[in-house]
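Both complexes below contain subunit A, partnered by subunit B and then by subunit C.
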Partner chain A sequence: MQASRARLFKEYKEVQREKMADPDIQLVCDDSNIFKWTALIKGPSETPYEGGIFQLAFAVPEQYPLQPPQVRFLTKIFHPNVHFKTGEICLDILKNAWSPAWTLQSVCRAIIALMAHPEPDSPLNCDSGNLLRSGDIRGYQSMARMYTRLAAMPKKG
Partner chain B sequence: MNEVDDKGSSCSTGDLNLCPICLGPFVQDSYLDKCFHKFCYTCIVQWTKVVAGKLSRPLPSVKCPLCKTENFSIIHGYDGNSFQQHPINQDFEHSFVLTRGHKYRLQCYYSEPGVVSDIFNASRYWKSRKYLQPNRWLQSWLRREIQALMQEEDVDVIVHHILGVIDSFVSRNEPKSHVKIPETKGEELKALVCDAARPFLGARTDRFVNEVELFLASGLNIEAYDAVYMQRLGWSFPGVTSKASEGAHSGQTTVIPYLYIFDADSDGPD
Partner chain C sequence: MDENDLNSDDEIAIDDDCYYDFFIKGDDPMDSEDAKSREGSGQKYTILNQADIRKRQEDVIAAISTVLSVSGATATILLRHFNWSVGKVHEAWFADEDVVRKRVGLLNYEKQLSDVNAGDRATCGICFDVYPRYRIFSVGCGHPFCRECWGGYISSAINDGPGCLTLRCPDVSCSAAADRDIIDMLALSDDDKKKYSQYLLRSYVEESKQIKWCPGPDCEYAVEFDAGGGGDDSWDVSCRCSYSFCWNCLEDSHRPVDCQTVSSWLSKNTDESETKIWILARTKPCPRCQKSIEKNGGCMHMTCNPPCRYEFCWICLGDWYNHETCNRYNEAADVEADKNREDAEKHVTKYTHYFDRWAANHSSRQKAIAEMQRVQSVQIRKLIETQGKAEYELLFITDAWEQIIGCRQVLKWTYAYGYYLPENEHTKRRLFEFLQGEAETGLERLHECAELELNQFLVDYGSPLEGFKEFEVKLKGLTMVTRKYFEKLVRALENGLSEVQVSGTEEIGQNFPMASAEG
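This part shows the complex of A and B:
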């Protein structure tokens, strides 16, 4: 308990200090609860998510960093490894491959990498996974781009 | 995951002086035997337990949290001469995990010597022959000190040995203590304790003897002594030594108020 607080507090200080270090990630701690964080990440360029800003919600367990944080997309996203309704993310480092040397910041980077490199063989979103597995790249990209525009871009006008 | 390599720079900003698990300064430097990545002893032992707990059986090896190399033992307690090696598959339940009090003492040994020597006047202690009065806290103090330094729980034999050396010195000197110059008394006793402790404490013996002298000269009980010591080091209390010393590390004294806020609300819903 104490250990997780101490470590999150250090991450908090690091985030404050390095605010501008990574313009693609904006990590914010809840005002009153250091176990709740949100992140705004930029969709990686040359992907259907380019131009979108995606919000992530972190729920950090008390055993952190021995246990991984729970992360989900709050912004709707069409991606094979993200549950379309709940925003749940299928990513090995958030489950079996977790290491206590990961930080919330580096988890964000791993998620950005996942957006650029989907793994259609372990899909949480079957429609999206099937499009990619059947080789319909254009179909996947246009669906993903449409949802990026609908959900992840500021409304015009 | 390619990120593993990037990550070192993310939170620790390339600061190799921070444990990758707790992100604090290293306490009880410990190394994995193949890749030689460094962690706090408690941090890497806890992680090993978590990994073994998932499979509910002892593991022959553990993957390094930084590079994923399989490692078979943890090397710790290196003092310049010797070290201890703990196999991963061996049950850690029986190994001794330091308490906060032990950790704070251990961290004192990483601080500059003499931080409290101006408060506790050793030469006055010898001059006034206070050493002839028994110190009833000495045994407990020695036990904690030696446990911290050796990272072993069962140190009773060594404590007994050192106490014996001190007691016999005092009783030997009692009858005609006025003959010698007080300062040489101090040096004499220190040399004796030094000889008694060196086989166990190795390179840390000299500092240990100085700490013993300071504790005796203070005339304080352990609690009061700790309070003075930590105040001088700028640490708030044993519970947060790692955090507070880390604050000093980065030169930010402003972290202190936050620590109290976090501590205050941890008392609430727990």
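This part shows the complex of A and C:
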């Protein structure tokens, strides 16, 4: 408990210090609970998520960093490895490939990389996975882009 | 166990006598004393306890460590990766050491702590605290982590399961292996170390091809099998926990029946038991193709599924077109219909016949095992009191029970064998049934004698009861006779009943009068 709190506090200070270092990621710690974080990440360019801002929720376990944080999308996203309803993310480093050397910041970077490089063979969103697997790139892109517009972009007017 | 160790690796001699070991046991009191040391000298398998397994494991580790001039911990990593096969490690290592090192995460250089951390202080990559050098540790790749974080990292990996055996440096992109020495040095508690070494032991058994855990309940022994040992092709293994099983398929011991027959029999049993009752209650077999038909409504004009397409009357099972009504009682037709039904039910009846006997012998064996425990724990002690005998003079009783338990097992599986023995091979069937009947009769007499006649001697009348000697002679005799019958049966089934040729005439059959008693 003490170790996880100390480590999270270090990460918090690091985030404050390097606020501008990574313009694509904005990590925010809950005011009253250092085990709850949210992040805003920018959809990577040249992907159907470009222009969208996606919100992630982090629930950090007490055994952190020996155990991985639980992360899910709060913003609706159409992506083979993200559950369409719950926002659950299928990413190896959040499960068995976790290493305590990962940080919340680097997890965000890994999620951005996943958005740019979906893994259609282990889909949580089957519709999306099937589009990619059948080679219908345009179909996948237009669906993903539509949801980015609907859910991840500021509403006009 | 000394003898086992001598024979440990490749040469376990086979002699044919020991093949029938479990029948031969107990010719005289000395014999069963010898049983333990005979293990390993004649059998194709060796029972290993935890200490034996550890010893073997350490031996192969030492062997690799010497030949490759690497540490024991490194040798462990290599062996684990190559399924504990010394040969495979040698082959791969001497073919291309660098490839092997890379694959298992062994560095062949020792990197200093990374340059960023040069100086006498370094930042731990997990807790991000700065520590003096002596509190920082790296597995030779230079990635610095403090001892406390290493401890937590190791402990969390160990509690996650046997994956801890392939532990790597915590750095995200580093593949340097954290070996057994590191665990020993940095693990937080002895409990963790103990768990780790238990996983290592299990890995030796579970990943090597020659050793399997005994599937007996709560048994901690493993059995090493020397499949290349030649001799017979029996896989039967009898563990020191008294569970006997087939090393190949891990089912119950089923000599002389082969694994294939056992597996079809067992899967048949599950299929049949679940559905048989349902089928019998609701269906009739098609009079032509015998397929079960369920009538789920409609008129009595039935048409069987293609390709049969037979059309018949549901009530009398007669052909539909030669049939106008079947309301009139007709004695002759009734006999005919009965015959049809009989044919259809024949396979169910046949199966039931074999299954009942298979199951009866199974439960009889379970009871015999329980009884034997009672004999050993209670009755022998009573007999020592009431009959004034020494313990070694009473060994013939446990021998008899061991014989019963072993024979029940064989007899049980011969019923699976009998079910699959083709019906048209009449001479084989007759020989089989004769031998089986003979063995079964003998076993029943032995079982009854051991179970009932012993009781009278358990009562304490103040002085030894007469007739104990006669009982002893009788029981020993029955034990021996039964053993002979079963040896004969096993031998005959294992060579495929080849004493009789398929082309044999009925004359050959006459050498084997039908068994007189059954059940």
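Methods note: the second predicted complex is superposed on the first by the 157 of 157 C-alpha atoms of A that agree within 3 Å, B and C clash if a C-alpha of one lies under 4 Å from a C-alpha of the other, contacts with A are read in each partner's own complex, and residues count from 1 in each chain.
The rule is simple: contacts are C-beta pairs under 8 Å (C-beta built on N, C-alpha and C of every residue); 3 or more make two chains touch, one makes a residue touch a chain.
Just so it is clear, the structure is predicted and the values come from calculations on it, not from any experiment.
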Combined model on subunit A: subunit C and subunit B, fit or clash: clash
Which partner, subunit B or subunit C, touches more subunit A residues: B
First (subunit B), second (subunit C), both or neither touched by A:Phe84: neither
Touching partner for A:Glu18 - first (subunit B), second (subunit C), both, neither: first
Touching partner for A:Arg5 - first (subunit B), second (subunit C), both, neither: first
Partner chain(s) touched by A:Pro65 [first = subunit B, second = subunit C, both, neither]: both
Touching partner for A:Phe35 - first (subunit B), second (subunit C), both, neither: neither
Candidates 20-28, 56-64, 182-190 or 236-244 of subunit C: the single one with C-alpha clashes against subunit B: 182-190
Those residues of subunit A which subunit B touches in one complex and subunit C touches in the other: 3, 6-7, 10-11, 14, 63, 65-67, 93, 99-102, 106
Residue ranges of subunit B touching subunit A (in the complex, touch as defined): 1-4, 6-7, 10-13, 20-24, 43, 46-47, 50, 63, 65-66, 68, 239-240, 242-243, 246, 250, 252, 255, 258-259, 262, 266, 270
Parts of subunit C lying in touch with subunit A, wherever the complex brings them together: 125-129, 143, 148-149, 152-153, 155-156, 163, 170-172
Of all residues in subunit A, those that touch subunit C in their complex: 3, 6-7, 10-11, 14, 63, 65-67, 93, 96, 99-102, 106
Subunit B partner contacts - residues on subunit A that touch it in the complex: 1-3, 5-7, 9-11, 13-14, 18, 22, 34, 63, 65-67, 92-93, 97, 99-103, 105-106, 109-110, 113
